[in-house]
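What follows is a set of structures for review.
Presented sequentially are two complexes of subunit A, the first with subunit B as partner and the second with subunit C.
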Partner chain A sequence: MTQTRINKKAVSEKYSELYKEKRSLLDEGSSPLLNRMRDVSMKRFEQVGVPGFKNEDYKYTNLERVFGKEYRHVLAYETVDVDLNEVFQCDVPQLDTYTVLLINGWYYARNLQLEGLPEGVVAGSLKQISNEQPELLENYLNRQAALSNDPLVALNTAFAKDGFFLYVPEGVKLEKPIQVINLTRGQEATFSTQRNLIITGAKTEAKVIFCDHTLSSIDCLGNNVTEVFVGDGAVVDVYTIQNQNNKSNSVNSSFFKVGEKSNLLSGVACLHGGLIRNNLVVSLDGEHSEAGVFGMSFTDKRQHVDNFTNILHNKANCLSNQLYKNVLDEDSVGAFTGRIHVARDAQKTNAFQRNNNVLLTDTAKMNTKPQLIIDADDVKCSHGATVGQIDLDALFYMRARGINENDARMMLMNAFAHEVVQEIRVEALRDRIDELVEKRLKGELAKCHSCDIN
Partner chain B sequence: MLTIKNLRASVEGKEILKGINLEIKPGEIHAIMGPNGAGKSTLGNVLSGREGYEIEEGEVTFLGEDLLDLSPEDRARKGLFLSFQYPVEIPGVPMVNFLKTSVNEHRKFKGLEPLTAGEFLKLMREKKDMLHLDSQLTNRSVNEGFSGGEKKKNEIFQMAMLEPKLAILDETDSGLDIDALRVVAEGVNALKSPEHSTIVITHYQRLLDYIVPDFVHVLYNGQIVKSAGKELALELEEKGYDWIKKELV
Partner chain C sequence: MEEQDKILHEVTSKEYEFGFSSDFDMDTIPKGLNEDVIRVISAKKEEPEFMLNFRLEAFRKWQKMTMPDWAYLKIPPIDFQEIIYYAAPKKKPQYESLDEIDPDLLETFNKLGIPLEEQKILSGVAVDAVIDSVSVKTTFKETLAEKGIIFCSFSEAVKEHPDLIQKYLGMSVPVTDNFFAALNSAVFSDGSFCYIPKGVKCPMELSTYFRINASGTGQFERTLIIADDDSQVSYLEGCTAPMRDENQLHAAVVEIIALDRANVKYSTVQNWYPGDKNGKGGVYNFVTKRGICRGESSKISWTQVETGSAVTWKYPSCILMGDNSVGEFNSVALTNNYQQADTGTKMIHIGKNTKSTIISKGISAGKSDNAYRGLVKVMPGASNARNFSQCDSLLLGSNCGAHTFPYIEVANKSSIIEHEATTSKIGEDQIFYCNQRGISTEDAIGMIVNGYAKEVLNKLPMEFAVEAQKLLQISLEGSVG
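Right, the complex of A and B next:
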C-alpha cells in the first residue's frame, strides 16, 4: 500500500466515523424526507470516498488536503450572538431584492419576514419547510442529486439538514430577485453542509442570487448541493457570487433540470476563495429550451478554482451556450472541464462552449478540457479554449495614448471579463459585478468590504 | 523639439536602425519615405517606447528631455503621438472610455482637472465635426471591426483630441480614399502652428499635396540617406528608390 492510499482511506473514514457517531443527531429535527436518504447515500460515498487525483473527474483538484483537515461540523442550528441583519448590510442599495441570510449552511433564525412575496411563493428554511409542508418537496428533493455518481454529492445528502428552499407556483413571476447570503462564521475550523432546493412551476419567472461570504478568518469547508427544477415555459436565473476569504474552501454541486420551452441562465463569479470546485449539471429534459451557462474567476496567490460542467441534451431542439473566463495571477491554478452530452434522438441540438483564460504570470496554471459525447447526428456543436497572456499590442496601444500601464491592464482585463458580465440579466447586479471585478483587479477587494466585520 | 543622434536599435539581435540622425524644430513638418522594410515603423516604435527593441547606441532628446528614459505613457503625455500603421483592435474596451481615460491622463500630467463627462462629450463632438467623422465609431469598442480606412481616421481623431506637440503618422494615408485622405490632412493642418511638429511616414506623394512638408528624408536600410525639400517626394514618386541606391554605392 502506498502512503497516499492509506491517507486517502483515513480521510474518508473520518467521515464514516463521524456519520456513525452523529447518526441520531442528523435525524433529530429533520424531515423523514431527508432522513430516509442518509444511509444509502453514506454507502454511496463510502464506495468511492473523497475523490483524489486518480478520480478522472477530479484530476485537477486534490480534495484530500482540504477534506483531511480537522473541522467542527455544524450539525445543529447554533444561535448567533449578534444580529446578522444589522451586521450584514449589503452595500448595493440599487439591488432591490428579497434577502435571506444563511449561517454555516443553516437558515438564520432571525431572518426578517419577506414582505410582499406573491401569493403561493414559499421561501425559507429547507429544514422547516420539509417538516411542515413535505408535499411541496417530496417529488423533487434528491431527484437530481441521487442520479449523480459524485461521492461528495452523496456525502452532502447523508449529512444535509438545512439550506435554502424556494417554491414558485405555476404562472407566478417574481418581480424582485431573491438574494441568498451564505455566511460562514466561527472561532474554529468549520465544515458546513448546505442543501438548497429551488422549484419553479410552469410559466414562472424567478431570479435567485447566491452570495457566499466569510465573516471570520477561519479555515472552512463547505460541501453544498443545490437542486433547481425549472418548470415548462419558465425563465429562471441563478447567479452565484463567491467572495470568501482565501482560507475558505468549497465544493458546490448544482443541478438544473429544465423542462420544455424554458430558459435557464446560470452564472458564477468567483472573486475570492481558497479552493473552489463548482460542479454544474444541466439536464435539458424538454424540447425547445435554452440554457446559458456562464462563469468567471479571478485568482491569485495560491487560489484554486475548478469549474466542471456537464450539459445533458436529453431532448431535441435545445440550445446550450457555455462561456467561462478566468484571469489567473501569481501561483493560482484554474481548471475547466466542460462536458456536453447529446443523447440519441436529441436532434437539432445546438451546443456551444468556450473557455478563455489569461495567465498573468509564468507560475499561474490553467487546465482546460472539453468533452463532447454526441449520440445524435443532426447537431451543431462547438467548443474552443484559449490560454494566453494579456494582449501586449493592445497594452502598448493604450500606453501610447498616455494610459498608465496598470490602468491599461485593468481596462483590458475588465473588457475580458465583461463578455461574461454582460450576460447578467439583472441590471443592478451587472453594474455591481462590473464594479466588484474592477475592485478585485485593483486588489482593493481583499475581502468583501460590505461584510468585513470580524 | 526632437533631436535624434546616431540612433541604433535592433530587434532580436538584428540591427534595424543603423545610426539615425534627425533634427525636428517646432512648427516643422518632415516626411520620411523609403522602401518596405527600411525601418520607418521601427523608428516610430522606438520613439514611442514600444518594448522589444534594443537601443544599442545614440540619444534622443524630446523637448529638452531624454526621451529614451521615459515610459511610453509619459512620452505620450509629454506630447508625442504615434498614429499606428496598424491600429490595434481592443474588443470590450469602449472608444469613449478609452479616449476619456487618455484625455484625462494627459490633463493630469499637465496639472489640469479631469474633464467632466459633459465637457468630454462636447470636446469629442467638436473634433468629430471638425473632421466630419461618422459619430457611430465612438460608440464601439476601440477599432473593433473598423475598416482599414476607419481605423486610420480614428487615429487622426485621437490625435485631434490629444493635440500632441509631435505627431508621427505612420502610413496613415495608406488605403485611404480621397475623402479620408482629406480628413487626415485636415487633422494635421488644424494642428499646424509654430509649436506643433509632424513626422509623416508615407509611400505616396499624394498626401504631401495636402500636408506640405518642410523636409523630405529617405530612410534606407536603417539610415537617412538623403534629405531635401518637398520636391524630393515628387522625384521619388517618379523615379523610385533605385537611383538613390545607386548614388550610395
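Right, the complex of A and C next:
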C-alpha cells in the first residue's frame, strides 16, 4: 500500500523534474500560444499526478507502471535518416487521400506538398502554423482541453510542441479525406507528446483519418491530445486506426466541440497495440446536432484496451449514438466506460449507448462501466452492455448447414464487428477495415504490410 | 457516577420540538466517540469479551478510514463526535403481556399504524419491535421456539447464543468493509438475530419495525440472519421515523448467511423522514447489507422500496459462493423534493452456474437526485455465470436527476452478462388519456408510477405490497403541477 504510494509520487516527480530541466528547450521555437499554457498545466498535472487505480476514471488501467518506465523524450525535431514517404506507403486500395506523416509526434519535415487542397484550407504542422498564423488558433487552442480534469491532458499541454493542424474555412468541402499517419520509430524506448488541432468552420465537410503505426519494435509511450471544433452545420468525420506493436503504449485524449445543426462521426478501431487508452469527450454545444461515436477492439496476448467516452448533451434537441464492441482473446484485458451526461434543460435529447463484448478465453477480462447522468426529464436515454460468447444457436444453425465450426465462428465474429465497421462513411476505408478485421480474426498479421519493415 | 447521572439526566430531559416522540426515559451516554465510549456500550450491554474486542478492532480500523466520497451525493460534513452513540429505554422490566408495556410506547406504535395486539392476533406476523435499538417486546417467540427457530434481539443472542454470534458475525460484512460498516461494528446498539435450523421452513414472515426516537442519537442497527441447510425464511423490515428538524444518522448493517440449499428473502420498506419541502432535516441513511450464499443451491433475494431519508447510501449485495446459488435484487427507489439516493447492488459470482437478477426502478421528482450504482463481478472460476440487469429511471419534472452507474467486470468466457438501462418520463399522452376518463393528473401519475414499479412491488409479501403502494402515492404528493 505504502509502496505504491511512494512509487506514484516518484513517477509523477520524474515528469516534474524533466519539466524543470527542459523548461527552456520546451519554449524554444514554439509559439507563445503554446508556451503560455505550460506552467499552469504542469501545476495542474502535479496536483493529481499520473492516475492510478484509485482514480475512478482510470480504475481499470494501470498507467503508473507505463509512465514509470524510462523513456527518451522527443522534445525537439529529429531528422530522419530515411525518406518516410518511400518507407511508408499506406496500402489501402482505392483510398485516395491527402496524406501527411508525423514522426514521434512531430510533423515530418519532408512531407510531400499537399496538392489540390481547396483555397483557404490550412493543413500542416501545429508548430509552424502557430508561429506563422497564430490568429487562426488563438481562440481554439486548449479551449476544450483546459476544461478537462485529466492530469494526462495537462501533461500533454505542458510538453506539447508539435502535431497536426487543420483549418477548414466556412463553406469549404474537402472532397478527399486527410490521412494523418503517426509513426513511432527509434532505437530506444521513446516518449512522444503530440498535439493536434482541427478547426472546421460553418457548413464545412471534412474527413480526417488518423493511423497510428510503429516502425520499430521498441517500447514507446504516446500521450496525445486532439481538439476538434465542429462548426455550425458542418459534417465532420474523424477515424482513428490503431495498429501498433505489442510494446507500444498510448493515451489518446480527443475533444470534440460540436456546434449547431452539425454532424460528427468518430470511429476508433484498435486492431493492435500494447496498452491503449482512448479518452473521448464530445460536447454537443448547439441544438439539433448529431454525434455518432463508434469503436471496436481486437486484443490478444497481454494487450490492454480501455475506451472512455463522455458525451455531454449541453443543449436541447441533440442526438448521440455510441456503439463499442470488443473481442478479447488470450490474456488480454478490455475496459469500456461510457458516460452520457444530459445537462439541465437539454430537453428532447436522444442519447443511446451500447457496449457488446465477446470473451474467447477464461483468462481474458472485460470491465465495462456504462453511465447515465440525466438532469432533464424530456429525454430518451438508454444504455446496454453485454459480455458473453458468440451465439451458440447461430453457431449450431450454421454447422447444421455444413459450415465447419471454425468458419462459422469466423463468420459470426466478422458479423459482430461489421456492425461497427459499417458506420464508416469512407467506402474504401470501410472495405479495408473489414479485410483487416478478417485477417486479425484469422490470427494472421493484421498490420498493413508496409509496417512490416522491422 | 453522580456526575454521569447528571449528564444523563440533562441529555434525556431534552424536549422534542417537532413531530411526535415518546417521552419515556432514555438511557444515554455523553455524545462523542472514543474507546471508552465503546467500552461503556459493551459494559452496559453486559457483553462477553469477544464482542468488546470485535468492537474495538472495528473502531481502530474506522479511525484510519475516511468517509467515502464516490457516491453521487452531496452530503454536508458529518461531525461524528457530535453524536450520542447509545440510547436505550432506561427501564427494562420483563413483560408478560402487552398491558404491562409503557402506554406511551404503545401510543407511538399506534400512531405508526403498528397495533401490536391486532397484528398478534390477526396477521400471524411475529413482531420484534425495536425502539431506539433495544428490543422491547418480542411476540410469537414461543411459536417459533417450537420449531427451533431463534428470533430475538441481538443483545439477547449475544448472551444466549454466543457460539453462533462468534462464528457468523462479520462473516459477510467484515469490520473493515467500509467506513460505515466499521462505525456500525464499533458502536452498534442492538438489532435482530435470526437462526433457522436445518430443514426448517419458517411458518411466518418475520418482521422488525425500526424507529428512530431519541434526539441526536444515531441509530446503529445490526441484523444477522443465518439460514442453515435446507431452511427457508422470509424477513420483513420496515422503517418509519418521526418528524425531526435535524439530520439524523443511521448506519445499519445487515448480514445474511445462507448455507446449503437455504432460501432467504429479505424485504424492506424504508420510509425514514425525508426532510421537508425545502430539504431541511431528514435522515442520513448509510446502510451496508450483504448476503453470502455459502452453500450450494442457496438463494438470497433482496426486495426494497425506498421512499424516505434525505440521503440514502445503500447497496444490498449477494456473494454467490456456492455452486448453483442465486442472487436477486429488486428495488424501487423514489426521491422527491431535495432527497438524494445512491443505491443499487453488488453481485459477486464465485461459484459455478451462479445466477443473478437485478431489477431496479428509480423514480425522481421535485429537485431530487436518484442514482443506481451496481457491480456485477464474475470471477475466473465462475463458469456459466448468468446475470441480467435492468435499471429503469422515471423522471417527473425537469429539475430532478436520474443517474445510472453500473460496473461490470467479467473474467470468465462462459458467462453471459446483460445490462440495460433506460430513462424516460411519463408521456403526456398517458396523462391525457387518464384525464379524459375523469382521473385527476395526480391520481394518474400515482397509477402510472405504481404500474411502473409493479414488477418489484409484486415481489413483496402481501402486507408490504399494500403499504408500499400507498407509500409511493403519498411520497409523490405535491410533485405534480
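Methods note: the second predicted complex is superposed on the first by the 450 of 454 C-alpha atoms of A that agree within 3 Å, B and C clash if a C-alpha of one lies under 4 Å from a C-alpha of the other, contacts with A are read in each partner's own complex, and residues count from 1 in each chain.
By our rule, contacts are C-beta pairs under 8 Å (C-beta built on N, C-alpha and C of every residue); 3 or more make two chains touch, one makes a residue touch a chain.
As the structure is a prediction and not an experimental result, all values here were calculated from the model.
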Requested in this report: Using the superposition on subunit A, decide if subunit B and subunit C clash or fit.
Outcome: fit
Query raised in the report: Now for A:Glu56: first (subunit B), second (subunit C), both, or neither, which partner does it touch?
Result: second
Query raised in the report: On subunit A, which partner touches more residues: subunit B or subunit C?
Result: C
Query raised in the report: In the superposed arrangement, which partner chain does A:Glu405 touch: subunit B (first), subunit C (second), both, or neither?
Result: first
Query raised in the report: After the superposition, what is the least C-alpha distance between subunit B and subunit C in whole angstrom?
Result: 13
Query raised in the report: Can you list the subunit A residues touching subunit C in their complex?
Result: 56, 344-345, 347, 357, 359-389
Report summary line: Per the touch rule, the subunit B residues reaching subunit A in their complex are 48-51, 71-73, 75-77, 81-82, 84, 87-93, 97-99, 101-102, 105-106, 109, 141-142, 158, 162
Report task. Would you mind writing out the residues of subunit A in touch with subunit B in their complex? Result -> 391-394, 396-405, 407, 411-412, 414-416, 418-419
Query - Of subunit C, residues touching subunit A in the complex - result: 70, 72, 378, 380, 383, 393, 395-425
